[in-house]
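Paired with chain B in one complex and with chain C in the other, chain A is shared by the two complexes that follow.
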Partner chain A sequence: MNKRTWLSFPYVLWIIGFTVIPLIVIFRYAFTTGDGGFTLENILTIFDPIHFKALVFSLEIAVGCTLICIILSYPLVLAMRRLKMGKSGVALFIIILPMWMNSILRIMAWQMILSPNGILNLILEKLGMKPLSIANTATAIMIGVVYDYLPYMILPVYNAVAEINEDIIEAAKDLGAGSITTFFKVILPLSMPGLLSGIVMVFVPSMTSFVVSDVLGGGKLQLVGNIIEQEFTKSANWNLGSGLSVFLMVFVMISMAFTLKNDVDGKESTVW
Partner chain B sequence: MNDVILQLDSISKSFDGKMVIDNLDLEIKRNEFVTLLGPSGCGKSTTLRIIGGFAKPDTGRVLFNGKDITNLSPDKRNINTVFQKYSLFPHMTVEENIAFGLKLKHKSAQYIKDKIAYALKLVNMDHYGKRRPESLSGGQQQRVAIARAIVNEPDILLLDEPLGALDLKLRHSMQRELIKIKQEVGITFVYVTHDQEEALTMSDRIVVMNKGIIQQMGTSKSIYDEPQNAFVADFIGDSNIIDGVMVMDRLVEIQGTRIPCVDEGFGTNELVDVVIRPEDLKIVDAEKGYLKGMVVSIIFKGAYYEIKVRVQDYEWSIQSVNPATIGATVGLTILPENIQIMHKPLSVDAEVVKEDE
Partner chain C sequence: MVKKILDWISRCYMGLIIFFLYAPMIVLVVLSFNDSKSRVVWGGFTLNWYQKMFDSTQIMEALRTTFVLAFSSAGIATVIGVMAALGIHAMRQRNYNLTMIMTNIPMLNADIVTGIALMLWFVKFMPLSFMTVLLAHITFNIPYVILSVMPKIKQMNVSIYEAARDLGAGSVYAFVKIILPQLTGGILSGFLMALTMSMDDFVITYFTKGAGVNTLSTMIYGELRKGIKPEMYALSTLIFATVFVILLLTNYISGMKEKENEKKNRRSML
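Moving on, here comes the complex of A and B:
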């Protein structure tokens, strides 16, 4: 045995105490009834119409949020690539800055902006336009999650794009590729590793979030996360909450496995 | 039909206030192999980037077949580049790399297939089509880069120190291959290098640049035999460059000794730079030479000995097939036609700059 193996003990303890045991507990709750008997009820309850509707809505929010983040990231990242070293550092700092602020605070701020008498409608009124009722809609939730998770897309995509050698982009132009062709044939495929980790880092938390929908959805629009939260708090039905959690975890793992598998395949297939 | 394919008309370019190219005029003829030669920072690469469209000149025009293309982007010019660092697309196979430009031009699948086969054969890389760039050596990657550029049948091929990253032996064989490829495809080549031997070997015409100014233009032979200033003499091959006084036509005084030469038309007692190639100096008995000095070092170089002889405060470099004895007093002699007399530079720009490459 290696002499330094004992150094890993704290981490092993950590993993057992905070990952393995909680997982076992959750799985135990998920597959048992209140009095301890085995059941699949808690898992299958996802097909209950209300739960299933929340799952579909969560999926819509997660997919939409991920796509919007991708579309917003690339123009910004490409612009930052053109900046000189120091300036791109400042730009990156400004982008990360909101991440260091309390997340509840950020979402509350959006509530203030979007509410019927909020800042947005105040501005629209001054401009002589009709007020919008965005608060408590899916749009409000979407704005919230995009704002929350955008930096998690920008950072890995920026790292991947910044790594692409300028020579390679010039070579594409040299061979007759315009800006759009260069982007789709060279920049996008070469930044794929960063894009994929960005997708994982945005899709998973937006799929499972509940705070954003709680505040910006006004409690009327429910994501799976909200239902799970309610099972644990209001209904005190830990078995049902755990069942839904296990389903959600497996669901996310499978969808991410598909995303990452495409990456491995992509390396061997042609880009054309 | 006009034989000039590309014309640079009073091009100037500066970066951060530093002049890189200073009012440069250059004409490149159809099917010519032109080499821009100079030390790093002399403006040769920037000149190439301006031709390729990757940099815009501050002033001046780029004319292609007489048409102004100064503001045309690189993808709209029928000019292709072979980059120093190969710059192959890492996410594509060799074939896909070569097909990139052709697919953008919407060529038929059969045409592309034939072109790939032809190009791979041309650069001696048949059977490598399915490989990925990272599995190839530097030399192989550069061959693919050349193939990728040539299949587009550009009017001009720009080569930016394409052999700079390769080892000496590979460089020599690639030089021969490039000449062969040039003859085969009949494209105008504009080549950038700081390696004077490479330039002398391959070019129809050499443009020696320093500090953004063309120092001399001409064939390899004329550049080597008749350098027009001390910079060119120093940069092209090894040279002894020493101050001299032109006593009268066909007589120059070096280190207090009057030596016959063939140059005329200088002023009486004009201060000049004298250039003598190491292979043109002969070691003779002490009393029989124009100059007398002591052998200070001798290095065996394979085909010849490199001998240093100190005469007063100057160390002459001599290449000789016969060895000499260190410490011996010897004489140096030279034929009149092997002495190259040059005017002293009028401005600092033409001054000799020694660069550590």
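Moving on, here comes the complex of A and C:
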């Protein structure tokens, strides 16, 4: 059997060439100055007031987005289960379909909906209500990221919940558990693996995205992603940009390792 | 009675979420038929933008790049990924764990970090071009293939392969006749996943592409400041409609097959 390992050699080479070495390169940029001397300054600029504000804002967006996605997903998944829509695949089909339209265009469509003279305010005006000014606020960015990443939460949670045996839920009810108890004691723990992979798939991109905040934040509200992008495209300070990237990477990896470790320990709902 | 109310609430909630997911799509589709460059004023129905879209060499070029990139990166990633999964599965525990951790890095890592790291490395030995984007796309596509093929390999029955070899099949023949058919589902879903990821990627392409190379995503992003050309709405509507029809057909065909199988089964039971 062990003879078969040679099949993975091209991939191992690929990992070394395009995963390991690029990481070494970005770390080298992060820890050196423009002329090659060792420095910690690039990493520590994250505590610079502007950068730190962006980091806190990114965290707020990411945590908020993940929570909202969880809160929206579970009722949806339970509704799908209740209406027995899972088996036909039609419901999943409907949820996956929007992902096939270019995501930047879809985010831009939200800009048109939310802008001061946009579609939402047009409708509100017709209904005789006061117009809202959502455009270029944190709320707009939040709507954008939730919209963008909600399917990534729905799919794994759906897969996990669909696998739960109906008998277990009925047994819980027979033994006197109400709907809420059944949810927290049976459905939530049993769907924990799906929930955790959903959290990873939503948290990381919503924390590091720069397109959504670019389009819906009007360029004023910056996430860490925006700052890093500008270091590379506008300021051309690669060392500083690399430093911030490395900080972001380590931060994300540690928080995700922490999230997934709870899965191994088998504790329930201690993710936060 | 309570059951009916709950069913009704479930339906309403599903409707709300679906409306949320489709609201921007409706906007884009409507705008693609709008005879006005304005984003909010309806100027009458037109197919003008569709005509202009097909006439625009820039859009057609970006479309071609996107497709060539998606299919070639997904194809290459599938070959490397399937081989890798077979090999990794046979590794000893320590190497197995190490390789799987390395496989998870590009998936866990933020796109922006992956893109920048690759760019910093690429510029050391080659100019940024279509080639660098292709290498980057293969890199982030391989893990998706491995992760969808691996469970199938774990379920695979090795004894059948060994039996085939005992009965005189060569290793290649036994691989094609025994192993591949058992993995087809995983390989196909891995390929499709890679295809989707490549088509939808913006961030990594943005950092690794050379000047003059544009996929649809990077082209749209470049147009954001100047204002998006309505031709783009037409193109995205068209892509959306095509995918919709393809998915609908595959759903319909697999549904038909199931029904036919059921009929056959019933007949054979009689």
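By definition in this document, the second predicted complex is superposed on the first by the 254 of 272 C-alpha atoms of A that agree within 3 Å, B and C clash if a C-alpha of one lies under 4 Å from a C-alpha of the other, contacts with A are read in each partner's own complex, and residues count from 1 in each chain.
Note that a contact is a pair of C-beta atoms (placed from the backbone, for glycine too) under 8 Å apart; a residue touches a chain by one contact, two chains touch by 3 or more.
As the structure is a computational prediction, the values presented were derived from the model and not from experiment.
Visitor: Once the structures are superposed on A, label A:Gly178 by its partner contacts, choosing first (chain B), second (chain C), both or neither.
Guide: So A:Gly178 only meets chain B here.
Visitor: Once the shared chain is lined up, is A:Trp100 touching chain B (first), chain C (second), both, or neither of them?
Guide: After superposing on A, A:Trp100 lies in contact with chain C but is clear of chain B.
Visitor: Pick one for A:Met108: touches chain B only (first), chain C only (second), both, or neither.
Guide: second
Visitor: Quick one: is A:Phe203 in contact with chain B, with chain C, with both, or with neither? Answer first, second, both or neither.
Guide: Once the two structures are laid over each other on A, A:Phe203 reaches no partner at all.
Visitor: Per the overlay, which chain contacts more chain A residues, chain B or chain C?
Guide: Between chain B and chain C, C touches the greater number of residues in chain A.
Visitor: What does chain C use to touch chain A in their complex?
Guide: Against chain A, the touching part of chain C is residues 6-7, 9-11, 13-14, 17-18, 20-25, 27-28, 31, 39-40, 80-81, 83-92, 95, 99, 102-103, 105-106, 108-114, 116-121, 124, 135-136, 138-139, 142, 146, 158, 196, 200, 202-203, 207, 216-217, 220-221, 224, 228, 232-233, 236, 239-240, 243-244, 247, 251.
Visitor: Quick one: in the complex, what on chain B touches chain A?
Guide: Where chain B meets chain A, its residues are 52-54, 73-75, 79-81, 83, 85, 87-93, 96, 100-101, 103-105, 148-149, 152.
Visitor: For chain A, which residues are in contact with chain B within the complex?
Guide: Residue list for chain A touching chain B: 165, 167-168, 170-178, 181, 185-186, 189-190, 267, 270-272.
Visitor: Give every residue of chain A touching chain C within the complex, in rising order.
Guide: Interface residues on chain A, with respect to chain C: 1-12, 14-15, 18-23, 25-26, 29, 72, 75-76, 78-80, 82-83, 85, 89-91, 93-95, 97-110, 112-113, 117-119, 122, 147, 150-151, 200, 204-205, 207-208, 210-211, 214-215, 225, 228-229, 232, 238, 241-242, 245-246, 248-249, 252-253, 256.
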